[in-house]
Amino acid sequence: MSRAPHPRSLLAVAGLSLVLGCEPAADIRGWECLAPANAGGGWDLTCRAVGQVLQQLELAPGLVRTTNLPGAGGGVAYARTVAQRSDDTGLLVAASPSTVLRLAQGQYGSLTETDVRWVGALGAEYGVLAVAADAPWQTLDDLLAAWRADPASLVVSGGSAVAGQDHMKVLLLAHRAGIDPRRIRYVPFDGGGEAMTALLGGFVQLFSGEASEVEGQVEAGRLRVLVSLSPERMRGLFADVPTARESGIDLTWVTWRGFYVPGGIGDEAYDGWVDVLRQVEASEAWEEARRINRLQPFFMVGPEFEAFVMSQVADFRAMSREIGLIP
Amino acid sequence: MTTDRIAGSVLVVAGTLTGLEATTFDVAFMTDPVGPKALPFLVAVMLLVAGVRTIARPRSEVALPPRPVALRMGAAALAFLGYAAILPWIGFFLATTLVVAALAMLYRGPVGGSLAAGMALAGTLWLLFVRILALPLPVGDLWIR
Amino acid sequence: MDSLSHLIDGFGIALQPINVGLAFAGVGIGTFVGMLPGIGPINAIAILIPVTFASGMGAASALILLVGIYYGSQYGNSISTILLNVPGTASSVVTAIDGYAMTKDGRGGPALAMSAIASFVGGTLSIFGLVLFAPVLAGWAIRFGPAEYFALMIFAFSALSSFAGGSLLRALASTGFGLWLAAVGLDPNSAIPRYTFGQIQLLDGMDFVVVTIGLFAVSEVFQLLEDTEGGRSVAASYGRVAVTMKEFTSCGWTMLRGSVLGFLVGVLPGAGGTIASFLSYSTEERFAGRTSRFGRGDIRGVAAPEAANNAAANGAMIPLLTLGVPGSGTTAVLLGALLGLGVTPGPLLLQEEPDLFWGLAASMYVGNAFLLLLNLPLVGVFIKALRVPRWVLIPSVAALAFVAVYAVNGSAFDLVLMTMFGVFGYLMRKFDFPLAPVVLGLVLGPLMEKNLRRAMALSGGEIGVLFDSPIALTLWGLAAASLLAPTLVRRLTTDLVEEAPAAEED
């Protein structure tokens, strides 16, 4: 997985020596982690956290640079990876179900999920549905009973746009619980925090989001989480919250944090990345980084992960058709 | 009077196009009673009202810059666009040096001084943004091997 | 008085040598990166986050550093706004109007000094608010639903006539243009693209930095070229760098009102700082009456928005800490830092992490004092920058604009857009269309549209929901008053000729 000296090094030398005559950074050769969003978002944090671990474990040949390339919900980075970097063996691109969702809905133009190679995921958050502490529903069954009786009586808030992750998870839940997804009233807010504030203010009745978003309010006793969309019960604060499966609804929502790599790098390089992610997962440094980033353990690599992504694409595509979003 | 009438006409055309385009914003399923057309229609009305009134009651003539000055301004705009075109290709340092030098000369700076200013500025900004703030400025494809 | 004893404990933490050092470092970095338009502070904070994690410093110390960058950048930002007409954030666009006019008038020094003083007043007064009312105000932010937000936006737009220069009609056109820009992109409520012309880069909508840098900075490059060729000089002298007592006292009430308004609006997540600065400017413009030089270099036009946007920045700490709601790109990065430091934002934060909250509040006093001490002497230094020959200074501003715009999305496409906005901005000035309403439309338009649509979705199309709460009704009343007041005043005073020749816009 070696690369020619990055041209940036040459120019850096030129620029620096012209101005200061001082030395350039020691080793510019290395890997690049592309975060398809601005600094501070989920993809950016994934890159920075994993990049640091890769350096600590000395798995990377030198530095791991995090580059931010925002635009079109990851579409700009996806397009660039496919079009300009298709055989770059030193490039990782951060991804999550949001990437998959947009691919499923055709929002990356003509590009599809098979244009890149999906390497693996190193951690996850899990979706939750929450109600205000004084809401009449104590369990998911209570809620579903009321919801089935009158689907229009409940309004759901979420932090993502219409047809985004928070909308999709509640649509899938309703669909599997036998409620017509087209009758679900979902109101998008700017981020999970605002969506949750709308619930606290009594403007909506149900909040669809991630576990980490509701922690503070759950601790303060203002919110009640009715269901977690994890495969098994979460640990810690949410240990008492039943999963959807326990309530007889076959749905999990794993907001995994993972990567894809360019499609043209060949099997050998791909297997190399899979191996690298395995070593990261096995390290203590990653366990610590995962804790800091408030991620739950979730590990899946290689063909298993590729199959998982393809099944997510199929699910999302079917649901987007069902509600008439895509033809 | 005519310059203001031109400005008003531009507003009317823009408002009309905005409104026409907005009629195509059809949603497959209703998520809210207002829909995506409301804001664009409001914009169309605002532009049309402002445009029609401007045409009806134009103000005094706007003094356009004389030809040599306009040419210089056009050259500056071209330098900006040229920068966008060559930046990914020749990289930040060279492109910035060139565009700064070009602009400096448009502002009647001496040739040597303009080039020196361009280089110094490009180097400083590179240091500042790439080395210290870690922004990914383009290196350019020119230097690959 | 419980709060005061907590605050004293907080000073115990903030005045530890390490934390004093961190506060100083934070505000120093903040001033510096704040001068770089666009995403300076966000990147500085994002880079320092892993450093604070790795260094093992406590959460309170880390936040003192990172939050220092955040409010410090507000000071730095006004420097490039006032001297170069390059506002880096939406909340400083208003400062550009009178601030840059003062610079062109040879009064850049007093403008900068006044901006530092107003920032200090807004900053420190709002920390009082933070300390005394944080728990209460978290509740007020929660009661602000979509209908209330919509009413607030209408109120904000009613301030428009203050930016009209001479003609409301032209301000209407400018606002329309801004609202059109706001519509560009993927509509979050229906997932359909609007006015994207098939460009994938436009799906995310028009970026504020691209539009503002184009309209203000790039158009200025064209304008100055015309002025230079026409033999007009730009600024007569840069002599005075201090504020006179008369200027200071004229801004006393202005700063006070701006601080209170800024803090209250800042507590609301969203575009707090922008609304606050626009509203405080228009309020002062009306208090000042028709004889003022507002729009042409009135020092109160600098003091009002600067006091308000700094107060708003501090107010924004309340939703961030107690609700986990970030109001801007920079606070979103701070939220990530909080989570990483093991701090869970929530109503219990004040009880569970008193050291963190009160230490942070106390450090903001320390930091603001540093900022004032740092910025006042710097005025003289920065004003000298204007003596650099024109042929060096203007291209430098252009290059800074390029970097800021390119860094937004890492795409040259944005540079093309920026140039188009530059040409457009030049033509708008030429034809006397005001620029500030474009930004008002671009920034507040989405908030207005989204909240109207949310309110209607929640009520099922029942329009009455917009007038349902006391808060909403109050805001509607304020909006009506704001719209009617100038007309009434005009009727009562003189017979102002309609469509009077407009004042110099820049």
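Letters are used for the chains, namely A, B and C, taken in the order the chains are written, and counting of residues starts over at 1 for each.
To be clear about the criterion, a contact is a pair of C-beta atoms (placed from the backbone, for glycine too) under 8 Å apart; a residue touches a chain by one contact, two chains touch by 3 or more.
These numbers come from a predicted model, not from an experiment.
Engineer: Determine the chain that sits nearest the middle of the structure, using the mean of its CA atoms as its centre.
Structural biologist: C
Engineer: Have a look and report which chain pair racks up the highest count of C-beta pairs in contact.
Structural biologist: B-C
Engineer: Need the CA-centroid distance for the pair chain B / chain C, whole Å please.
Structural biologist: 22
Engineer: Rounded to a whole Å, what is the gap between the Cα centroids of chain A and chain C?
Structural biologist: About 31 Å separates the centre of chain A from that of chain C.
Engineer: Starting from the mean Cα coordinates of chain A and chain B, work out the distance between those two points in Å.
Structural biologist: Here the centre of chain B sits 35 Å away from the centre of chain A.
Engineer: Going through chain B residue by residue, note those that touch at least 2 other chains and give them in order.
Structural biologist: If we look for residues of chain B contacting two or more partner chains, we find 31-32, 122, 136.
Engineer: Quick one: which residues in chain C touch 2 or more of the other chains?
Structural biologist: Within chain C, residues 39, 43, 189-190, 410, 454, 457, 460 contact more than one other chain.
Engineer: At which residue positions does chain A touch at least two other chains?
Structural biologist: Chain A, residues with two or more chain partners: 67-69, 162, 187, 325.
Engineer: Okay, in this complex, where on chain B does chain C touch?
Structural biologist: 3-4, 7, 11, 14-15, 18, 21-22, 25-27, 31-36, 38-40, 42-43, 46-47, 49-51, 53-54, 57, 59, 62, 64-65, 68-69, 72-73, 76-77, 80-81, 83-85, 87-88, 96, 99-101, 103-109, 113-114, 117-118, 121-122, 125, 128-129, 133-138
Engineer: State the interface residues of chain C toward chain B in the complex, per the touch definition above.
Structural biologist: 33, 36, 39-40, 43-44, 47, 169-170, 172-173, 175-177, 179-180, 182-183, 187, 189-190, 192, 194-195, 218, 221-222, 225-226, 228-230, 389-392, 394-396, 398-400, 402-403, 406-407, 410, 412-413, 415-416, 418-419, 422-423, 426, 430-433, 445, 449, 452-454, 456-457, 460-461, 499, 501
Engineer: Once bound in the complex, which stretches of chain C touch chain A?
Structural biologist: 39, 42-43, 45-46, 50, 53, 141-146, 186, 188-191, 200-201, 203-204, 269-270, 319, 323-326, 329, 332-333, 335-336, 339-340, 342, 344-349, 408-411, 450, 454, 457-458, 460
Engineer: Help me check something: in the complex, which residues belonging to chain A touch chain C?
Structural biologist: These residues of chain A touch chain C: 38-41, 44-45, 48, 52, 67-73, 75-76, 79, 105, 107-109, 152, 155, 161-163, 185, 187-194, 196-198, 200-201, 203-204, 212-213, 215-217, 219-220, 222, 292-294, 325.
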